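The letters A, B, C and D name the chains in turn, as written, and every chain counts its residues from 1.
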Amino acid sequence: MNKKINKIAVLTSGGDSPGMNAAIRAVVRNAAYTGLTCDGVYRGFQGLIENEFVELGPRDVKNTINRGGTFLKSARSKDFMDKDGRLKAYKNLKARHIDALVVIGGDGTFTGASVFSKEFDMPIIGIPGTIDNDINGTDYTIGYDTALNTVVEAIDKIRDTASSHDRLFLIEVMGRDAGDIALNSGIGAGAEEILIPEENLGIDRLIESLEKSRKTGKSSSIVVVSEGDQIGKNITNVAESIQENLPDYEVKVTVLGHIQRGGSPSCFDRVLASRLGVGAVDALLEGKSNIMVGIEHKKIVHVPFETAINIKKILDIDLIRVADIVSS
Amino acid sequence: MNKKINKIAVLTSGGDSPGMNAAIRAVVRNAAYTGLTCDGVYRGFQGLIENEFVELGPRDVKNTINRGGTFLKSARSKDFMDKDGRLKAYKNLKARHIDALVVIGGDGTFTGASVFSKEFDMPIIGIPGTIDNDINGTDYTIGYDTALNTVVEAIDKIRDTASSHDRLFLIEVMGRDAGDIALNSGIGAGAEEILIPEENLGIDRLIESLEKSRKTGKSSSIVVVSEGDQIGKNITNVAESIQENLPDYEVKVTVLGHIQRGGSPSCFDRVLASRLGVGAVDALLEGKSNIMVGIEHKKIVHVPFETAINIKKILDIDLIRVADIVSS
Amino acid sequence: MNKKINKIAVLTSGGDSPGMNAAIRAVVRNAAYTGLTCDGVYRGFQGLIENEFVELGPRDVKNTINRGGTFLKSARSKDFMDKDGRLKAYKNLKARHIDALVVIGGDGTFTGASVFSKEFDMPIIGIPGTIDNDINGTDYTIGYDTALNTVVEAIDKIRDTASSHDRLFLIEVMGRDAGDIALNSGIGAGAEEILIPEENLGIDRLIESLEKSRKTGKSSSIVVVSEGDQIGKNITNVAESIQENLPDYEVKVTVLGHIQRGGSPSCFDRVLASRLGVGAVDALLEGKSNIMVGIEHKKIVHVPFETAINIKKILDIDLIRVADIVSS
Amino acid sequence: MNKKINKIAVLTSGGDSPGMNAAIRAVVRNAAYTGLTCDGVYRGFQGLIENEFVELGPRDVKNTINRGGTFLKSARSKDFMDKDGRLKAYKNLKARHIDALVVIGGDGTFTGASVFSKEFDMPIIGIPGTIDNDINGTDYTIGYDTALNTVVEAIDKIRDTASSHDRLFLIEVMGRDAGDIALNSGIGAGAEEILIPEENLGIDRLIESLEKSRKTGKSSSIVVVSEGDQIGKNITNVAESIQENLPDYEVKVTVLGHIQRGGSPSCFDRVLASRLGVGAVDALLEGKSNIMVGIEHKKIVHVPFETAINIKKILDIDLIRVADIVSS
């Protein structure tokens, strides 16, 4: 089955994340190492449709491992949701004699890949690249560790000014429906409270807790709020409620925003991306398709797209307890 | 006149800025070096009124030079605006036999210091500590260089994701009424456009320019907007106008916020703060009062508070031209 | 058995590593959370002998999570190797009514702890804190992830100048007898060659490989050398051999040295340290002794000191293959 | 005179420094802005001789401002020291119709440029790019500010471990014959002692001073040593002398090395490089030749190569006094 693969293509799709370049590099280099040729596709699935390919040899990916973002660029493709668009993509692939695909992205990417793979019997391997760490079947996604460091460094800076002024800061971090970024960066930044979608504290409990912590001698406070948290309509409402109830505090809001998606990847993400990139080509050569390569307890695992996408990853309960204790 | 100074106090007031600790440290160590004793005052002028003093010797300020914020904490004091409050402050200073004050802060701080100094014949020296670089008579204020690096590092990260997605990012930076942070960080970050309070481009000119730069092949763009800029009511309005007029771009807004006030100070700010802290004690011993110590062309200068506060610093016109050229 | 524990003490011993403060903080806060009192001991086992204790409550450890090093300081203690020294230590502990110990350090620390625990029937829990990641029974040790980032950031800088000048850089990194730092940072930094103690390439193979990679178009090269590698007597010898055999390259040597031990801990290390610190107190309350708390596949595990110390951790073979492929 | 300039070339020569790319970018963009065409030359003067040119338009320099090193690469050229080599270079320039040159580098670069300019009546403008800040006639050279931050961040990390172990660290920094890096980074890092070539303390005075500072309660110490300092034969000898005389200290040596030349440039260096790059093209258009564009008190100045090279820059005496006071 794997004899027929001579040429592959690699693309990045959906939101970008630090380490995607390292993953592309590893795909390209393992392709060369195993005697395959490799194309890059610009702008994800849209580039498949619009025929934006580039040949990639081992030297073309040098000096990319330390760069944030993705040099192949990324996009969300409406056209790929239509059968017509996908057919065009398939014809472009065939015209270039491409036998298999590696796609780097999150659940939206894997959903599209799964449909396409079945429709045209095209082997596809997915690599989990998203800062949100919300993919089931892998301990870590590419970019997550870097995003945690970016958040913690930002909150370290904010704590300087919070402590200098006895202020309470509400800091919104990314993570979509998953509280992983908020919970881990909240512990790492020494936050007094962490609001995550998986655990609804309620605004009253929050105010009560802040009041208590003020009494135990905390003069400034950091509250990390996941963007997916539903405690109030949004972070500004939460801030207003706190300010009303705790007039002694000067409450400030910071939305960290897109700095969380960029930056030079951490060593962890570079190594993870290198492993997964190598593993994706290995998987193709083993005849695998329609799976994501993930990492579990430091070993490469193969996870069907269905399992990766449809089963919600469980947040680590122990870590919530640790957060409660160390913030006390 | 300078014979009578045996004991001084130092405080930080107004918004905090990285390098304030280095300035405190230098004041304390030059005091010790020249045979003076020195107290620190917590929470700025409010601490003077509430009698929050602490003795500071050379060993008490060790391991502070690399820390953001101010370990003496800062505050804005309403009570100090009343004669009653200031009288209380004066009595507290006399009770501790303090002969002179060093105050670290911005124009609000110097205004309060100026009134107090005249009212009670108390020698006071000011040190310019604010990220905004909006104090007249000094080339640089403490914290400004660090804030520029923080902004540029943040925009570098955002550019990763902007380039990956062909997006247009509006990024709001601090600076109050001064465009120094926006102009310098905009050049440093390679921004395509920079909006500053000192130069009103108008929204039409901005859109025209962005349209033109898209045509010359720029697929992503960074626009740095000073918080004091008046092009629209606020940055969200500006974003909406652009989005309406340039539907091809995906327009995003990021408000960098309080990360700009914190962080470990740059070497530049640590050296500047050390010079100004030493210079402040030198000035007291030379019998000076009611002045700010500043830096001009690498030399310490003495600037009357009136000159520092009341004359608006001129933005560097040459630099606006440089910005226009390098963003082209 | 756990009823008798009312008061514990915590110390750091051996080489310091980033995240030790976060571990101390978690021990102190979980002690308070579970109703125990807690002392800190300065300078490791030496402080036990010299009676250097300090009471630590939850507020005493605030603003420590982001600091490198250990505020309790660390040392190697010769006196603790003698029964007399250890007896003195025991008496000091008893005089302060301390029922159990948490020790943070590496294999030397655990060896001492193991002897002491048996000798005086004192419950002791170990927390693995070393940048070398050379402790068996835990996926990660505290400080290792931070050290990897420090190394990779340093090599990123060196690559700037290596590429600008077509140079070959030999970069020595820490790790004692373990190649973990070299292998992972080498992959992360995109090194062309990685020399580790576990795999002896030989100087001829190295030169041959560098020659080949020059021919494939690499004009500059980074070779990461573990301090424990035995390819030559030392890194300077290796450099001289390469220079002799490859006169076209300009060979330079950099020994990264002690910057690898310091720095603000990464989010990963802060979370890891928080978990292990909480876990150590939990283990004491469960009646455990003479074990290390480690992390395996994100879960806390209890590992007898003997297992942690005496069995050499196996280097990940898959990762060596990944390194070979991505450097090609 | 300036009418005849239609096409220019830009090169980087000598040791690389962070911000060189920003300077190239500004030269290229101001050339385009003023209607000139511009070539880049690879590998400095050697590339002139070996005919390694590349056309550079405004889009070719995008995403370079944040990169360390120089994408045009740099080299030292022996061939350019011969008249034959320079003649070859001149013929290559004429063959490409290049009317004038911008060279970015240090004193060696300017010396070569000066000879070449006179020999062939070729207008040349120099831009000071070196981390050493040892060029006369400009307040700052490109890369110096970044190097200071790199050094200070490295020493901050080393201080973590120095404080944890009560050690004395000797840290060698770059700077050739100039003490600027050592003096400024020493103040910034809070070093206890700073050894610079301009001021010979003598080993006895150093030991005496360290002894004294130990007695006043300093348990760890950082000594910054400029590579050009002549106190001992080299830093290892200095360390041995100290260790012999102060057996209580554990003395360690770190040579920071080539990390000081790389890294993403600071905002200060990016703005400085942008100004100087723009200024160099402006100077050519004003008919200037054989000068360096420098910065003095925030204004562009024109400095004859002879003045820049032959007159030794004076170290700031005031700053030595500040260092003495704040380290006390």
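Assume a contact is a pair of C-beta atoms (placed from the backbone, for glycine too) under 8 Å apart; a residue touches a chain by one contact, two chains touch by 3 or more.
All of these numbers come straight from a predicted model, not from anything done at the bench.
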Most widely separated chain from chain A, with each centre as the mean of CA atoms: D
Chain A-chain D separation of Cα centroids, rounded to whole Å: 39
Intercentroid distance (Cα basis), chain C paired with chain A, Å: 28
Whole-Å separation of chain centres (CA-atom averages), chain A against chain B: 36
Residues of chain D touching at least two other chains: 156, 159, 163
Full enumeration of touching chain pairs: A-B, A-C, B-D, C-D
Interfacial residue positions of chain B with respect to chain A in the complex: 12, 15-16, 18, 20, 67-70, 73-75, 150, 154, 156-161, 163-166, 169, 252, 254-255, 257-259, 261-263
For the chain D and chain B complex, residues of the former touching the latter: 25-26, 29-30, 32-33, 58-59, 62-63, 65-66, 139, 145, 148-149, 151-153, 156, 159, 163, 184-185, 187-190, 216-218, 264, 266-268, 270-271, 274-275, 277-278, 296-300, 316, 318-319, 321-322, 325-326, 328
